[in-house]
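Please find the structures below.
The following pair of complexes shares a single chain, subunit A, combined with subunit B in the former and subunit C in the latter.
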Partner chain A sequence: MYYSLINNPVKKEYVGLENYRKIMHNTAFRKAAENTAFFSAVSVPLVIILSLGLAMLLEKKIPGRSIFRTFFLCPLMVPTASVVLVWQVLFHSHGTVNQVAEMFGGEPIDWLKSTKGQLVIILMFLWKNTGYSMILFMAALSGIPRDMIEVAELEGAGAWYQFVHIKLRYLSPTILFVLILSLINSFKIFREVYLLTGNYPYDKLYMLQHFMNNTFNKLDYQKLSAAAVLFAAVMIVIMAVLLLLENIFGKDVES
Partner chain B sequence: MKKLDLKILENADLKTAGRIAEMCPSVDETERKGLLRRLKKRCGNADNRQLSVIPDSSDNEEYYEYKLTGAGNMKRKWLKPVRATVTALVIVGGLAGGFAVVKSMKKDKPEPASSVAESTLPTDTNGKQVVTIGLLCYNPDIESLITKYNKSQEKYTLKLVKYTDITDNNNAKKNDVNYDYSQEKQKLKLDIISGDAPDIIYGDNSFMNGLIYLDMFEDMYGLMDNYNGIKRGEILSNMLDGFDVNGKLPLIGTDYRIFTAIAKTKFVGNDAENWTVDRFIETAKSIPDNMQILKSTSFYWQGSVCDNCQSMSYYAAQKLLNDCIDRENNTCNFDNAALKKAIEFALDYPDNERHNVSSMSVEDQDSFFLDMQYAMINDKALVSGLTITGLGAAEGTETWGWFGEDDMTFVGYPSENGSGAVTEFQNLYGINKSSDNKEGAWDFLSYVLKNSPVSKAVLDEQYNTRITNASDNIYSQFISWDKEKGTMTNAGKLITQKRVDQLYNYIQSVKVEPFVYDDVKSIIKEEFAYIYNGERTPDQCIDILNDRVEKYLAENE
Partner chain C sequence: MRFRRNIRTVFVTVFVAIGAVLFLMPTVLTISNSFMASSEISANYGAMYSNMTNTEKTYIAEDVNLKFIPDKVTVDQYRAVLITSSDYLVKFWNSVRLTLPITLFQMLVAVLTSYGFARYPSKLKGIIFFAYIILMIMPYQVTLVPNYLVAKKFGLLNTRSAIILPAIFSPFSIFLLTKIMRRIPVSYVEAAKLDGAGELQILTRIYIPMCRNAIISIGMLVFIDYWNMVEQPLILMASDEAKALHPLSVFLSQINANDVGLAFAVGVVYMIPALLIFLYGEDYLVEGIVCSGGIKG
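So, the complex of A and B:
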């Protein structure tokens, strides 16, 4: 906070909100914020939908259930650096994905140096985070009172009605928790993107953390601090809104 | 005048001092108020305090004791005695009072600021003022220069702050070409943040120019004008212009390397100096059959090729790439017709020379390199690279004296702005703005600059040495090459005066662009590799370059 209000770390002269004004007009910051917001807005709902769907699927008594559970949890156990190497092999301009595409007559795509790069990181995010969220949802699903479901079945409620009016209501605290966790994780995608494409990636892959990391390296603490304070403020507002919503809509379920 | 144990608060910048000089004889009350407001700001900026200044002039400087009290209006007393010759203002004192020392152009005596400051500045056991210099990399030359400087004078002693643990040339880190001194830079950054940075910092170009925006370096123009030592006119003007950042001189380098290219005038014509891409391509297409364009050790690329598309694009595009970046406005535009033309020409260029040197015998290697070395003299190559580090020396095997007697033209690297040379300074010096002993720091830097290739006196001395004495420098290395026998002999002839003049003028006329950006360089290198590998078209590459470099520059906005 202090560094965001001074002119630079050497002179340390108070400049008020000048750094905030500058950063709001900085094209690199705006680009990074835009990309990060888009990435979070797409990947967080996707990870919730996907993990909830998988949790509901694995809740059923299907063969090989425990194998699937382990399979989805595997990405959590693999170190990021080694995973990134695999993703590079897959999505390089001469990588496996393009080779397969070419086999079927498709055109190769420059995944990491085009706007399609965002798709790669969304996939990577889903791959990495779905398993953990799925486990959380499975635990929450097992906590839903069986008698409520049985009564609903007896009264002729269909699967969709049960899902929307019973399961989803009981899952709302977990959804909120997964939402917050995924949101935080989505802001942390920098590590993977940095290892995939370096300090200055192409267009849509330039995230807020790139901006912060680069300004830190340049000792540009005033820009870094102003960006970090703004970022924290946005996060606090989002969390507050989510907790407020949960408070309003989840009250009857908790009681 | 009572001398207090005071601390120098701040040296007024020269612009302020300049304004004082202009405004003092005038009666413009608004300007005077502005000056006083700035002065009061330095002295505490309290509304209930008034600045009062009592003149106490000596013959060389004018001293003004100031007091910050709640009453009194001493503006006239402060302003009137100051003459139009003022060059600097030094405030020595604290919130309650102290001295304002006004320095005048006409005086040469040691500044009173330093005599007052002597009591607070750190000294060694011999009573010499200690000035610190931070060295990021291992550099025995600087170390020996420091030793020499310390022996040469009485007032200061330079203390080395080593940020690297490399102590000898055989150190593994030193010999690792990829070692980027990042740990050392990190240590220095921490010192900067904590306010413990040395008085002088000497580090690699990219790192140092990245610190300019922090405003942590003293403007050396001010030091030149106010302290003894080297003056503006004693440094090559094109070098000084190159280091000028918005009218200030935060950094300076001493050892330049000018990368350029020369060609025989009979092949390129009389008006081909600093040629354009069109002119280069036109000439390249009309060369005799037995001649290549770039058969030269300067364009010897990655250990195996010297005249293929990679070396061609290095030659044809590198200056144009530099010119696509507007460092002043932090923008770039690689979508440039000349650049595209240069890349396309390079890509169409056949792989004339691809040799696996490492698999050759020692004799074949010698022959290979000799052939390349003399290609231009033998009219087998159109262009040859030339690296200039001064008038007395040119780096590498293709030294200026080896090019035979034919007239030469500095064609340079193809460019659109009439400046075909690429300049490089590996390391730069900067004086810490928060240093307590800027005068001492400047004294050392003056000493270094005076003896460096950027000094006009050094260049002139080299020029005059040539006239009177052909020692064992480049001028006596004029080689005569027997084309029929294929042998060379050192004829011991002096290089022609015409050629010396040509080089002398060239050094002083090149447009110096000293600041390099390692991140941008590595982005360009990375993206160009895709073109050579045929993975991207020039247009795609230009689009990506624009996007990535733009982000780098935008961060500095």
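So, the complex of A and C:
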């Protein structure tokens, strides 16, 4: 924090908000922030929808539930570094996905070096994180009182009505928890991107964390500190909003 | 009615099964490909590197062919990884030497700290706990500069301690464990006190046994998180000598580029500890995850 207010570590002159002004005008920073914000904004809701859907499907009595649970949880424990090669094969310009696309008359794309690169990263993120959230939702679903749903059924509520007015209500604390957790994890995506493409990936994959790592390597502490403080501030604001929302929505279920 | 329900069950099962297979695919592919002879691998995947490195490899296929089942099953890859070249084993051992102390000590610290938070709540501790939550949601890069400077000051740069020491005091496990410990009723503690139990006994006889599953599951999560680490070694062990201490997770991304044949086998070797832990402790893991979400902080 201190470093963000001085001009260089040797002279230590106070420059006020100069560093912040500089970083706001830095194109690399703005690009990185944009990409990260986009990634989190898309992938976090997707994880919630996907894992909630899966949890509701697995809640039904279907054969082999526990095996499916294991399958979905498995990616959580598989080190990213081990499977990164498969991802590279899948999404290479002559790779599998493109071959399938060509079979159906699509255009081949060099996934990792195009604007579609974000899609790959989002897929990887979903692959890794859906299992954990799914378990959370399964637990929360089984915690909903049976009689509530029975009463609703007696009164003629349809499946959709039940879902919106009863289940979502009871799930709201879990949704919040999953939201926070996914948000934390979405900032760890740097690992995957780094393993896939290295320190300087294609534009669209240049995350805030790349920016920070690369500035760090240039020993530009001031810029880095300013970026870090901004980052932290944004996170705190997001957290505050989420906690506020929880206070509004969570109340009537608890009593 | 019953008929319709049956159809629906079948439909849902098939749908879930397809999803599950998709989720399992990357792992299975890595394992099956690791038994492929290296000539076969470069024939099938060589095209991937043609535009990156212009070495005189012979590319048989223009396209990258993803293969499920190798034409010829061999264990040559494994022999190369485990016996012929010591490089991978050394890196593997590096990973172990980083991850094990982190996991063990972090759990120790987490148990003690959470005990303090859960058993003696106070206003000040509430504030500290909130600070923990804030810290927890911060990405690693935010704390990078202070972390680096402290390590530099203590002369720890380019050693294992530079990574291990800060990692031991991670807020994540403390946060989860405190949430779980808070649920232990005070009456248990009071009953134990009446019977003459001291603090240490309360901790070891009541708190730890009651949270055993949670502790194991958090330990598993911590382990996999650090087994996977990439960014810490890149920053804190950046010098050339320290590169020898890098864990396999970082090293893997570097071998992918020039030694495709071995990469799959190395990946599998790297995956084995994590998978074993997962298969052994899946029920603990599920239970721990459930605990972590059930109640609010």
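The working rule: the second predicted complex is superposed on the first by the 249 of 255 C-alpha atoms of A that agree within 3 Å, B and C clash if a C-alpha of one lies under 4 Å from a C-alpha of the other, contacts with A are read in each partner's own complex, and residues count from 1 in each chain.
Note that in this section contacts are C-beta pairs under 8 Å (C-beta built on N, C-alpha and C of every residue); 3 or more make two chains touch, one makes a residue touch a chain.
Bear in mind that the values here come from a model prediction, so they are computed numbers and not experimental data.
Trainee: Is A:Ser43 touching anything from subunit B or subunit C once the two structures are fitted on A? First, second, both or neither.
Mentor: The answer is neither, since A:Ser43 touches no partner chain.
Trainee: In the superposed arrangement, does A:Ala28 touch subunit B (first), subunit C (second), both or neither?
Mentor: first
Trainee: Could you tell me if A:Pro173 is touching subunit B, subunit C, both of them or neither one (first, second, both, neither)?
Mentor: In the superposition, A:Pro173 contacts subunit C only.
Trainee: Which one hits more subunit A residues, subunit B or subunit C?
Mentor: C
Trainee: For A:Thr70, decide between first (touching subunit B), second (touching subunit C), both and neither.
Mentor: second
Trainee: Do subunit B and subunit C touch any of the same residues on subunit A, and if so, which?
Mentor: 94, 221
Trainee: Show me the residue ranges of subunit A that touch subunit C in the complex, using the header's touch definition.
Mentor: Those in contact with subunit C are residues 3, 54, 57-58, 60-64, 67-90, 92, 94-96, 99, 127, 130-132, 135-136, 139-140, 143, 173-174, 177-178, 180, 183-184, 187-188, 190-191, 194-195, 198, 208-209, 212-213, 216-217, 221, 224-225, 228, 231-232, 235-236, 239, 246.
Trainee: Which positions of subunit A touch subunit B when the two form their complex?
Mentor: It is residues 7-11, 22, 25-28, 31, 93-94, 110, 113, 199-203, 206, 211, 214-215, 218-221, 223 of subunit A that touch subunit B.
Trainee: Within the complex, which stretch of subunit B touches subunit A?
Mentor: Against subunit A, subunit B makes touches at 189, 192-193, 195, 210-211, 213-216, 433-434, 519, 523, 530, 535-536, 540, 544, 547-552, 554-557.
Trainee: Considering the complex alone, what residue numbers of subunit C touch subunit A?
Mentor: Of all residues in subunit C, those touching subunit A are 9, 12-13, 15-17, 19-21, 23-27, 29-30, 33, 45, 47-48, 62-64, 66, 133-134, 136-145, 148, 220, 224, 227-231, 234-235, 238, 248-250, 252-253, 256, 260, 263-264, 267-268, 270-271, 274-275, 277-278, 282, 285-286, 289-290, 292-294, 296.
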